[in-house]
Amino acid sequence: MVPPSSTARLRVRYSDIDALGTYYNSRALEWFEVARLQWLRDVGRPYREIEAAGYHLPVTEAHLRFLGRATFDDELVLSTRVQREGRAAVRFQVRVTHAETGAPVCEGYTIHAFTDAAGKPLRPPRWFLDLLGE
Amino acid sequence: MVPPSSTARLRVRYSDIDALGTYYNSRALEWFEVARLQWLRDVGRPYREIEAAGYHLPVTEAHLRFLGRATFDDELVLSTRVQREGRAAVRFQVRVTHAETGAPVCEGYTIHAFTDAAGKPLRPPRWFLDLLGE
Amino acid sequence: MVPPSSTARLRVRYSDIDALGTYYNSRALEWFEVARLQWLRDVGRPYREIEAAGYHLPVTEAHLRFLGRATFDDELVLSTRVQREGRAAVRFQVRVTHAETGAPVCEGYTIHAFTDAAGKPLRPPRWFLDLLGE
Amino acid sequence: MVPPSSTARLRVRYSDIDALGTYYNSRALEWFEVARLQWLRDVGRPYREIEAAGYHLPVTEAHLRFLGRATFDDELVLSTRVQREGRAAVRFQVRVTHAETGAPVCEGYTIHAFTDAAGKPLRPPRWFLDLLGE
């Protein structure tokens, strides 16, 4: 079984860009968050429900490669794939491209642990393992 | 009795500036927050202790006037004055200037209610009224 | 002639919310920017074209009233009306409500000057005055 | 010759923290920027002078590991080390710890190219190679 992928869209804001006229680097991590919350909605598990069920998904690691410029009013496409990472973690892989041209903007991943509210690691919930075909 | 005033300093970050090379407007509200947390520390009431005592200070209103440019690495001075606003609220008035030249950057105020954790309005605590000479 | 109004939508991001679980106050100014860039697109004058024509619209003043909570994944509606402000300025009035319930989130305005790239005030362009029926 | 290291300090802002009461992940990249601009000032090459000399240092890659919580008013120490990365790039390695306890908050690196204003790669300037003992 192939893990599900997901697509989100957003428009670059003026507040996202810096003195060089392209997006400021930390904004990519906010876009990655938009991407993974969309993925969770798309698989029928909005993050709010995950939290209500007692799970949290704090980020433990992130990697980004900055590939091209994007300026305000540009429409971007965020493509997300998800895979298990070790026993208690999950990796969201995101690629950001220009909606109009497909030109790359940035790509990378964040790794998240499943924990309870106090931060204690939990085994991923059953529905998540099922989604990944395990 | 004159209500106490307070001064904070910060350095403009590259992430604060936009395509025109000056600070993006919403950053002024983050600086105002730096200013009022410094004021609270200076009067011996760190915000963390206020929260621990069951009080919250959500912002209910804000006003800003943008007066001049500021770019990254610039050092700014934030001058804060505080006054009571009606029965259950407080006004933090902040003026931001360049440390080196005194040239104005922005000024304005935020108004905050005293509430409990659920958002229910509370009378300002005694120490606060004493500070303002009431 | 009635000046045109405009509507934008956005979803609150996890990065928008603070320790109290509602949006951090400065985010409202970023949403106002989303609202006015949408208004400019809706009237056929994307901000990028305005800049290309030699006009800039720096914000000179802002006012916000915080009216209700909004948390991540909430969909918001941003309603924008525009009017002239004195000889060389324009006021964007924005009201933000919950898409699902209509409950208010915040409202306010930003005032912008028409200037050239160097910041020198300019008379508003003809198309803008026409839009406002003058 | 040992490449110089540098230390910066900052205080976590209320606007830095999220619904879980700890810093939002993208803020780490803004702190890394604070760290490297301090390093450049400490070695006598403020970024503004580097730009004035025709060099830019866009980030091409970033990696972050999130190691511990930090909440508002916490004082953090940012320790920066720099090394050359290939022929035309530089790596800033940053470690963020609590000022009071030394407990880790996050660590990681950003890689930057030396380019001209148009984004064309340039050989690192002589002073930079000298700093690194090459």
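First chain written, first letter: the chains are A, B, C and D, and each begins at residue 1.
Just so it is clear, a contact is a pair of C-beta atoms (placed from the backbone, for glycine too) under 8 Å apart; a residue touches a chain by one contact, two chains touch by 3 or more.
Not measured: the values here are computed from a predicted model.
Counting C-beta pairs in contact across A-B and across A-C gives the higher total for A-C. Of all chains, D has its CA centroid at the greatest distance from the CA centroid of subunit C. Between the CA-based centres of subunit B and subunit C the separation comes to 24 Å, rounded to the whole angstrom. Per-chain Cα centroids separate subunit A from subunit C by 28 Å.
Annotation: 34 Å between the Cα-based centres of subunit A and subunit B. Multi-chain contact residues, meaning those touching two or more other chains, occur in subunit C at positions 14-15, 26, 30, 33, 71-72. Taken pairwise by the contact criterion, the protein chains are fully connected, each one touching every other. Residue ranges on subunit C touching subunit B, taken from their complex, read 20, 25-27, 29-30, 33, 56, 58-66, 110. On the side of subunit D, the complex with subunit C involves touching residues 14-15, 17-19, 21, 24, 26, 71-72. Partner subunit C is touched in their complex by these residues of subunit A: 13-15, 30, 33-34, 37, 41, 46-48, 71-73.
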